[in-house]
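Note sheet for the following structure.
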Amino acid sequence: MILFLFILIPVLGAFAAWLSAAWNKKLPRWIALMVLVFELAMATAFWSEAVGDGSWYVTFIRPWMPRFGISFSLAMDGLSLLMLILTFFLGALSVLVSWNEIKERTGFFFFNLLFVLAGITGVFLTMDLFLFYFFWEVMLIPMYFLIGIWGHGNRLYAALKFFIFTQAGGLLMLLAILGLYFVHAQSTGVFTFNYFDLLNTPMAQETGRWLMLGFLIAFIVKLPAFPFHTWLPDAHTEAPTAGSVVLAGLLLKTGAYGILRFVLPLFPEASQYFAPYIMLLGAIGILYGGKLAYAQTDFKRLVAYTSVSHMGFVLVGAFAFNELAYQGVVMQMITHGISTGALFMIAGSLYDRLHTRELEEMGGLWPALPGMGVVTMVFVMASLGLPGLGNFIAEFLILAGSWQAQPWITVAATIGLVVATVYSLRIMQKVFFGVSVREYKLPDLSLREALMFVPLVIVIIWLGVYPQPVINTAKPATPAVAVHFTSK
Amino acid sequence: MITSTTAGLVLAGILFTMGLVSMLIRRNLIFMLVSVEVMLNAAGLAFIVAASRWGQPEGQVMFMFILAMAAAEVSVGLALILQLYHQLKTLDSDEASKMNG
Amino acid sequence: MSATDLLSILPLLIISGAAVIAMLLVAIKRNHRVMHAFTVLAFILAFLALFLQPGPLPYELRPLFVVDAFAMFNTGLILVAGLSVLFLSYSYFEQREERKEEYYILLLLATVGGIVLVVSQHFISLFLGLETMSISLYGLIAYLRARERSDEAGIKYLLLAALSSAFLLFGMALVYAESGRMDFTGIGLYLAGTATVPVSVVAGFGLMLIGIGFKLGIVPFHMWTPDIYEGSPLPVAAYIATVSKGSMLVLLMRFYRDINGYEYTILWWVIAIIAMASMFTGNWLALLQQNVKRLLAYSSIAHMGYILIAFLAGQEAGQEAVMFYLVAYVITSIGAFGVLALLSDKVRDAEELSDFKGLFWRQPWLAAIFTAMMLSLAGIPLTAGFIGKFYIVAAGVDAGLWLLLILLVVNSVIGLFYYVRVVAVMFQPLEAPQRKPLPFFGVFALSGLMVLLLWLGIYPSSLIAVIRDMMLTMG
Amino acid sequence: MNWMYLVPAMPFLGALLLVLFSKKIGKTGVSLIGCGSVGIAALVTIVAGLQFMNSGLQQFSLPLWNWLSVGNFNIGITLHLDALSLAFTFVITFVGFLIHVYSTGYMAEDPDFARFFASMNLFVGAMLMLVLADNLLLLYFGWEGVGLCSYLLIGFWYKDPANGAAARKAFIVTRVGDTAMAIALFLLVQHTGSLQLTDILAKAPTLWTTGDATVVTIAFLLLGGAVGKSAQLPLQTWLPDAMAGPTPVSALIHAATMVTAGVYLIARSHVLFTMAPAAQATVAIVGAVTLILAGCSAFVQTDIKRVLAYSTISQIGYMFLALGVGAWSAAIFHFITHAFFKALLFLGAGAVIVALHHEQDMFKMGGLRKSLPGVFWIFLIGSASLAAIPFVTAGFYSKDQIVWLAGASAQGGAGYWIVAVMGAFITAMYTTRMMLLVFYGKEKTHVHHRPGLNMMVPLYVLAVCSTLAGFMELPHTLGHVTLLSDFLQPVLPAVVTEHASTALEWGSQGVATLLCLAGIYIVWRVLPIPFPREVKTFLKNGWGFDAAYNLLFVQPYVLLARLNRKDVVDRLYVGLAAITRYFHRMMSATQSGILRWYIMGIVMGAVVILSVIIWRQYTV
């Protein structure tokens, strides 16, 4: 039941926020914040109790469409739990981020924000493939609105592009889900969308490969991997800060989650067959994304391309089939969510003050904003993979793991660290160093901003120096296929 | 070998085609209406031929219905054409193309 | 005819009778409100009469009619659709200057045609139903005489419908000439008993397909749709999109099943190509369309293409999918046209995309409804359209129609572009929101439709169970 | 020794406090925390070091907490103390403390006083983690951490974009090396399943035979990391530019400690290098070539700090040479003396620079012998050590050992020896030139301000060390003291010498001494040395490496980035959209509104359907 509440509470909160706006414009943000803090507390409490209790902590099943063998089936293991905590953590922060940024139609804004978070929560919890697809699509619309209504200049184009890309991938996944459903029915006579039943479906080699591609495309569009990444810079750049945070921090993770949860366990043979090609795509993404990030002049666009680069690591790691890489992928999902989310928040805070995102118009901000400079430095360093910060753990584990599968691809991916250095340092230089164009008299971190950034900094350092709790939590959730070659 | 049924159907087919062709090449709405009547009657003829082949009344019943329907259609059609003429001052069907795209 | 015979087609009788009484009412005194109330009453009564079904199903009224669960269900669907249209019609026509009362008579007559189509199992009743509906529609389409476009639409529809009827008739004549039967089951028997089906019979089916395809508005017989949708009054457009197309679709399904049409690969391929062409043509045409009515018309072409995929998948799943999609499509179409109707004023219809600018901030509820309808058309979850599309894809996957499904996916993506574009327009910021009071009945009907849409989107099991039972009894 | 964790913890804590409370505690508070934290670390090091030496342990590990544990792969945050790390720790904390104290004077006027000390403390902490790490991952943590601080401090005066560029260059170039090192770690994980240093060094001989491709690859990759950090060929280009940072930074990071991390790494993993002769030879060759190239460049610089920077590269070249020929402890010895005298020289240069109001051009200095006598003497001591004036300087003993072993050790040879003595000659020349330009001749810039006590005291201490440190280790010919190499013996094996004899050693020392004195004499007599201008420019720009890298890597990358700013992949999707729109326009044309056209559509459809059906009927 607690699983259902995880989804239900944000949905109810969403409607409450919407309706309350008619009464008081400031109420929705309080409602949203309280809902998410409550959820975060609930998930964290759950974590402190649940760790070590085997693979699946809790499940929730109700029949939904018996005609098709569809049930409303939720279940939680370590991976889901970690993703859930990340969701609520970033969700609460994105409310704080929007605190003053969103002045128009606050009710509807927070409605959408909570709704998209509910959808994401559902994606992370569901163990019914139909329901998964359902949530997968549900989260698109509120996200579309977040970008399309409260975004910047070219918001409609960006929102539409986002929508169309993910929908195209999603429909292919739907075909694959149904294909799997009927393949399963043919061989066992049981019509079901239940994840656990569909595991180990016997199927012809070729069928498996085609179906796997259907899933994979949906996930790597969302991830996004080269060459399906082009929706992301537009969407990230035009979205309001909270939208960018949710997109980068959470929505992209649903793609990674999908790969770990569905592609690998459902199609072990096909995954191994395609692994080198997919890892290659990942490595190309790392380098290509990094190169594009370097070329950007728009702060948010730059950060957006870094996501392409960082998500390449996920792809490289997920298909390396060993435990190191798997744990690295889980870490990467979390740390990228935090570090990139933080960078978008910084971009938002700067935009608040300067009303521009152009790097060329910034510079020399350090004297005015030393506090923000320090925070930015932390996350820039996280983004280039400085040891001691969470991203390093993730990238190291991924690369150390993938090395054992594909050394040459790993070399290419490792060169990504240099590329990351090049673009990351450019951020610091362009924003905080150099001489200020005009003499700024700007307020440094406000209390609200400090409340946003301090937890982020603490978490990223915590993950950098003591990631073991996360690793322990994710460990029982490791699918057997993911540890195909265990390290010697 | 050509049976009378086949011959009748071929005749009906020829009539039908003639109606069709004239519908295509005519621009005057009245003529188009007439052409479509020709086609309907060709179909009716085909029914009669078929009915006579099987010695059944159904085909002829059908023809009656076709006649009735054609009459209804013509009456509505003429009314509409009249109205259109008031507005466009022409019976050229190509003029009645305000809606496109 | 026995009492049970009459009872079994009671809805049809009620509507027919109501049409006659309505004429008398007009003759006595013109009163829009009374006419409207009377028609609504007739529809409700007819709907209730469905539940008075006497005997076991299927109940045959030889030779023309058959009343089975399938027919009952679709009669119900037609009646509900008609009722919804009626709710929208009152306020729409109330603000017009033309005489309003005959509209209701025509609507009743068209509904008679529709019901006849869904219960017919004979060429004659097919023809009668079709023509009753068509001729009423001529009048309905051209009802707003003051508008030039109305006449243009009316005359176009008349000539094209007559043309297509001619094809249909000629096709039926060819089939009849060869088989000597005009009832569907009889033709089926004839076909079953013939080793090689003569070319004239297959050609006859082909010609019939033209007539049916015209009504369904599928490529290449689709060209009338945008002009007719644009030219007709909005409730009528909604009616054409739903009742006219729906009843024809039902007829096609029945006919195809009775003649065992899935055996003729050539027909299958013809329909498959039509389906593909319809999807692409409809979506491409709608892509940058600025007129919402035309946009809906084009989108309906594409949707008919989607339905044909489920139709081609055949089997149980395919037929269920067709029915579910039809229900979803009926709800969605009426909802969409309904929003347009409520937004229209007495001078013009709210049909340009620019009329929707900032609607969400002016009329949030209407905008929410329209958004839901658009998303349903696009097949986004939480709406019936999503389940419908899922059903079609499931049926397609089951039947292994991968090519068609991939094209469906491509088209869904193209479709998404313009549906979402419409939604985006509604959410554009608007400086000075002006509200206009909305008629209660209209909003009530639309809200009901939206609730239904969401209900079917979230919990479709009830409808699925009904459709499934119905299909099972049909055999 | 259990509170050894305080050694790295104190500087980290200091950095944290300085970041959080910089505004509240004033300059005095900042100085106290900044110097105090490193001072405490130094004290703890001394105490722990004494305990360690008394305990008789060969090594001591202090596990703090479990960092990562995935499957069989375990990494702890564990400190590891042995002779090698103790030597480094001592130098880092001790020299670091002196430089911190010095900085309170040097940076006194800077508005970003607190930021400076925060970064410096962070650096010391990271550097300590590097040398105290028990495993390569933790070492890598320190390794990158010092890189970050180096970046922060080179770009300390961020208002000048050139400083920022220098900082980024330093970070990026070293990162190239780090990438190689990271790959080495992956290989080690793959083959040994561990990154624990003692583990690896113990397992290596059982896993591989000498010269095995894997171990050679690993050694080469580690060397890649080392040359990046230690500014050796081919990644040396960043160090001269790194002089953009404040002078104490150059002293601490770019002379005494961080740049020798590469030496530490190679010494630390000496087993792997011993097993990979090709890689070890490469170490020697890299060192030899670097020391000559950098020495030549140092000779023609005009900026006093750049002279010292090239000199540092060159001296680290010596250390690499020593490592390459298996003279492990000689390298460490040179590291220690170099840390003292180079820090001394940098700080002395800093005193000069401050005195002349941030003038760094040696040709605008001159005659400072009189106006800054204290600095002059100190600088003289440092220079003497650098030039390796025989017998009285630390530099003489450490360099002499390397020169001798370059020829005499088993892996050494005549070629290395010749390069080493040539290097000594060049060193003497550029050192003398620097002394002459700065302290002799006419005074060209007036002295503004004399260094205060807080700057001078560290200089005195370092001067003493630069002289005395040499006596830890004396050659066979001169008393034969082996304090350091004995101390390091448990960690680093003694050098194996071949064809060595006392006579030869005398000869080697004699030649080196002669060349050194000759160098001094030549420069003394004939300054300025007439060089063709082109040669001078070429040498001054560091043998054109910068230009070549710029042309080969930087510019193509920037150009590519600029050309493809809009992402060419997106064109694909834009193109698809355009095609769809084109179809839309094409189809729209069919909806002409003309009735006959529609009829035509239906007729065409009918014709096609009928002909397909009939065709099919008669063909099948």
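In this document, chain identifiers A, B, C and D correspond to the written order of the chains, with residue numbering beginning at 1 in each.
By definition in this document, a contact is a pair of C-beta atoms (placed from the backbone, for glycine too) under 8 Å apart; a residue touches a chain by one contact, two chains touch by 3 or more.
In this text, all values refer to a predicted model and were calculated from it rather than measured experimentally.
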{"item": "Subunit D and subunit C - chains in contact with each", "value": "A, B"}
{"item": "More contacts between chains, A-C or B-D", "value": "A-C"}
{"item": "Centre-most chain, if every chain is reduced to its averaged C-alpha atoms", "value": "A"}
{"item": "Farthest-lying chain, centroid of Cα atoms versus that of subunit A", "value": "B"}
{"item": "Cα-centroid distance, subunit A relative to subunit B, in whole angstrom", "value": "64"}
{"item": "Inter-chain centre distance, subunit B versus subunit D - centres from mean C-alpha coordinates, in Å", "value": "95"}
{"item": "Euclidean distance of C-alpha centroids - subunit A vs subunit C, Å", "value": "43"}
{"item": "For subunit A paired with subunit D, centre-to-centre distance based on mean C-alpha positions, whole Å", "value": "37"}
{"item": "Multi-partner residues of subunit A (each touching 2 or more other chains)", "value": "none"}
{"item": "Overlap residues in subunit C, where contacts from two or more other chains coincide", "value": "155-156, 159, 163, 226-227, 417"}
{"item": "Multi-chain contact sites of subunit B, meaning residues that touch two or more partners", "value": "20, 23, 32, 93, 96-101"}
{"item": "Each pair of chains that touches, named by its two labels", "value": "A-C, A-D, B-C, B-D, C-D"}
{"item": "For the subunit C and subunit D complex, residues of the former touching the latter", "value": "155-156, 159-160, 163-164, 167, 199, 202-203, 206-207, 209-210, 213-214, 219-224, 226-227, 266-267, 269-270, 280-281, 284-285, 287-288, 414, 417"}
{"item": "Residues on subunit C engaged by subunit A in the complex (per definition of touch)", "value": "361, 375, 380-382, 386, 390, 393-394, 397-398, 402, 405-406, 409, 412-413, 416-417, 420-421, 424, 427, 429, 459-461, 464-465, 468"}
{"item": "Contact footprint of subunit C on subunit A as seen in their complex", "value": "64-68, 104-105, 130, 133-135, 137-138, 140-141, 144-145, 148-149, 156, 159-160, 163-164, 167-168, 171-172, 174-175, 178-179, 181-182"}
{"item": "Footprint of subunit A on subunit D - complex, ascending", "value": "19, 65-73, 77, 115, 137, 140-141, 143-145, 148, 151-152, 155, 158-159, 161, 164, 167-168, 171-172, 175-176, 178-179, 182-183, 185-187, 189-191, 193, 557, 560-562, 564-565, 567, 569-570, 572-573"}
{"item": "Subunit B partner contacts - residues on subunit D that touch it in the complex", "value": "588, 591-596, 599-600, 603"}
